[in-house]
């Protein structure tokens, strides 16, 4: 058995369990922590793909930034951070059923589809290449989205401040 | 120059002018000018039409024209009139004209009232001049919708309920109608929505006709107060303001009969022949049932509404007999009922405006208090129960003679049953007259009430003159509609 | 020897539907946000996986994931700002109480 | 005879003038306008009749039908059309004379009788309308025109009976009259429809071929038309409106319920006589039996009524039935062989119109004098009202059938016709004639003889038993007595008119000859009736009367209540039709049909309420539905692919 597969399986199990805890835990702090595990796991997956830069971004932005935001939010909210009332059983079951159906269906589809996914070369992406692509103006270059992203982030920052600001 | 579009242009101009009018004087001026113009126009049209016919114009439809306005679905604004539509246009003009005077003192929001009122008449005129299925349906809807607001806002009693009920039931009818129209259009495989061209093709398969004839007939029949789809009529009429009742009973209910004849029967002839018996039974029930219900009502407007059910039932009844005489009678009955009911509702409105009750048990001796209105009421009553010399008699007799000439036991039997309505009509009319007009006035408050004002007198006199004119000289109308009826019947 | 792409895809699908389940059943705004993050994350994984396995020579999936992370960050920032504000006004972030916008 | 249009035009003009401008006229002006117009109409009618009869017989020895006017009023397609016009036949000429004469008398009489009444102008307007419609009825060129005017007659009588519109009884009576006759008219209409369809025309005289084709349905059609006639002519059981109609002003009763409207049914049958004889002799006999029964019924009821106008009303019913019987007993169209009844009937119609008009007008004068209809307020009036007394007596003798008054001659012909038909019928009718003499003289004695109510009251007043001085009866003014005198004169002389010269069943001249046996019998019976009445009532109610009253209390009570016919009708109309049909239908309409639609609306509303939670604004729910939907679609697609 391939060592990669074993690591992957371990990672997958951790991620799934953490995700389940993340959505079922009644304490938000715990949920956030579990989310953090999932995010780390995702970064691990990126490493598997040799997308190291992506993995790094995942860890810094997601795990480092977003989760911190969550934690701040939870701290600020305080007692509201406990999800006291559980949803009604009916909706619980409905949600469960829908999600399971969807999941099974998707897995079924994935299993039955030929993605022509045999071109994996394990080389990853060179940072230079990535930098050229992000800043380039040619075909398959992403200067415009990149700039739009930056504007968006700016807008979000300003917006978040505006919203959260006390009157 | 085709003058028919003027029937649309004038109401639109009126709408604009009303929109701009600043006070009640201007509003009234616009209404009087507009409705007078319409009246003059329809009188001119009638005369011109008769002259053209006398000059030998033998086409089914005169003044025809067509403008395409939505090519992909072959929808066109095609217009044209035959004797029936001319008569109906004349009727509408008279009612719109008198209705204006009947709501002379209407408060509040006079301008808005007249806006909707004009929109309603726009729909009516448009319906009568159109020869295109879709355009007809569009105008039909235009005529129905303002009804909701007119009753719901300016009505009395349980107005919201009644307005809602009326609108819903009529809209239900429209839904059937729309299905019917689509069925006709697609069933015939036509590349036009013009009814005459569809009729000329005569290409609708019989089994499709069987489905869509009932739909179309019921669709229009709801408006024509076909049993058992008539229950909007009592409530709707009872709550509607005077001129709306007039217009509704006088003209709008005629749209039903007209549509049944012009669309349902004309375009779906085989089904009409084969399925007529079902509707004959229903209409016979309408006729007798409406009259019997009227006997035990205590609200003046309910009595009249049920009476309308009975009389409009007679219209549909006659149409279904499919003889020329009966159908001519049906058109005469539409005219006659339109005028008489308008007169009745006008009078009831005027009486109600004074006594603030329509309960016949609470009124007595009005003859002494308001002689003009009372005499008008007696005349309307006598006209309604078919007194010779008024229009009702002519129409009913034509219908009965025509219906009786269908030579089989079923038709004979239903004709005789329908005949009994003339006795029942006498009962409920005389009951009301005896109850509220005769006797000594016993309510002291009523003794102070005044008689009709000039505008009310004008309304009543206009209508009485029309009713009497139609009753004394029916031959010209009968000739006028005869040709139209003939050409439609030849297709059935 | 690499892991088959399907495994990755299945993993991401499972994560996605867990996120969906959470979104359906949780009653707390922050929990909803967490579920959303899970779903976004699953999507990012898919982008990366498809890029790596199907078209390794190009960068679309990669860049998309990158942007996805950026957008997620922005969205979370705004969302949390809103949540805090809501909490300040309602003293709760329980969605059942937040019905003022409905009417 | 183009001028004959004036016969219809003038009364109509009178009606329109008085109806539209009446309120601006003084009473006097209105009355005089109406009367003068009618005078002109009367003159023209007389002239027309004279002209018609003077024109002489045609080659067949009959007075041919003359049609000065006829135009198509309303074409009905398929060859049928309703025509309007003026047609003169012997009987319509005769009717013109009768109607205008009686109407003129009533017009003049009303000048005095109605003086000072509220709505005087309206009264004259209605009289003109009535005269117009009645004249239109008799000159009708076809059955449909007749029906049209028939309806107009109904309406104008409705208006006249309900003239005192503040009196509840008058309102009820007018309503009843209209509805009952309308009910009968329904049958008339159906009869006309059948007739029109099968013969292809509304004419009174369709072609031979058309008649042969319609021979099978003619009896039905004619019977139905007769029912219509029975309604107007107050035949049992449709007679109930007539006694009540006495609520109208008395001159109106004289005009409508004695001389004109009520004979419309007789006129109808007479106008259709040829059809009856040729195609439906059986129907004629039905008419005869119906008439005979009505005659008996009405005569019996008349014997015990206390309201003098009611007595006259029932006497009218009885006399009309005589005319009907006379028509009904005809078996052929030759007056010498079975057709005598036709002439007799018309003759009786003529004489009866005069003397019954006289009786009613006399009764009006009496009521005018004592201000009551009840016999107990009368008695001994002969001293106070000599002219009325004499004229009333003449009329009573005429109706009782005493020569030389007109009633004798006409009634004798009727009885002769009855004997010709069958002996039982003859005897039956003779007995009713005797009964007629009895009740008329009972009435006469009760009014003019016996103890005077006025004197009794006066005595009591003098003795201080009552406060108010009683009103002294007085003779009527000249406007009222003049018509009485004229009618009395006609009644005395009319019997000697050679009526058969003008009118007979086949149109040929027929010389009236008295059948001695019948005449003697009927005179004896009439005298016996009068003698009995004299014995019983000359001094008020004698001991015999009281004794009879006591022994026959139950039957008399029943007869007084007209054998409960009104109650029976009331039961049918009120209880059955109104309460058991109309009410339930109204209820059904509100609570079943309407409720169904309301329920539909409610169900729609319920459905709306049911699906409303799906749109509750909860994003979670939305998303569940969204996802489920999407999954469903995917599943379906998968299944399809």
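By written order: A, B, C and D. Residues from 1 in each chain.
Just so it is clear, a contact is a pair of C-beta atoms (placed from the backbone, for glycine too) under 8 Å apart; a residue touches a chain by one contact, two chains touch by 3 or more.
Only a predicted model underlies this, so the values are computations on that prediction, with no experimental measurement involved.
Trainee: In contact with subunit B and with subunit C at once: which chains are those? Just list them.
Mentor: Expected: D.
Trainee: Taking each chain's centre as the mean of its CA atoms, how far is subunit C from subunit D in angstrom?
Mentor: Roughly 98 Å, centre to centre.
Trainee: Counting only Cα atoms for the centres, state how far subunit A is from subunit C in Å.
Mentor: Chain centres of subunit A and subunit C, defined by C-alpha means, are spaced 6 Å apart.
Trainee: Report, in whole Å, the distance between the mean C-alpha point of subunit B and the mean C-alpha point of subunit D.
Mentor: 37
Trainee: Can you compute the centre-to-centre distance for subunit A and subunit D, using the mean CA position of each chain? Integer Å is fine.
Mentor: 103
Trainee: Two or more other chains touching the same residue: where does that happen in subunit B?
Mentor: Answer for subunit B, listing residues that touch two or more other chains: there are none.
Trainee: When you check subunit C against every other chain, which residues touch at least two of them?
Mentor: Residues 20, 24-25.
Trainee: What are the residue numbers in subunit A that touch two or more other chains?
Mentor: Each of 91, 94-95, 98, 102 in subunit A touches at least two other chains.
Trainee: Among line, ring, star, complete and other, which one matches the pattern of chain touches?
Mentor: The chain contacts form none of line, ring, star or complete graph.
Trainee: Report the residues of subunit D in contact with subunit A in the complex, numbered from low to high.
Mentor: Going by the criterion above, the answer is residues 620-621, 624, 627-628, 631, 634-635.
Trainee: Going by the contact rule at the top, pick out the subunit B residues touching subunit D in the complex.
Mentor: Checking each residue of subunit B against subunit D gives 164-165, 168-169, 228, 230-232, 234-235, 289, 292-293, 295-297, 323-325, 328, 365, 367-368, 382, 385-389, 393-394, 397-398, 400-402, 404-405, 407, 415-416, 419-420, 422-423, 426-427, 430-431, 434, 437-440, 474-475, 478-479, 482.
Trainee: For subunit C, which residues count as touching subunit A in their complex?
Mentor: Within the complex, subunit C contacts subunit A at residues 1-11, 13-22, 24-28, 30-31, 33-35, 37-38, 41, 44-45, 48-50, 52-56, 58-60, 62-63, 65-67, 69-78, 80-85, 87-88, 91-94, 96.
Trainee: Could you please specify the touching residues of subunit D with respect to subunit C in the complex?
Mentor: 616-618, 620, 623-624, 627
Trainee: Would you pull the subunit A residues touching subunit C in the complex into a rising list?
Mentor: 2, 4-5, 8, 12, 15-16, 19-20, 22-24, 28, 31-32, 35, 38-39, 42, 45-46, 48-51, 54, 57-58, 61-62, 65-66, 69-70, 72-74, 76-77, 80-81, 83-87, 91-92, 94-96, 98-100, 102-103, 106-107, 110-111, 115-123, 125, 129-130, 133-134, 140, 142, 145, 149, 152-153, 155-157, 159-164, 166
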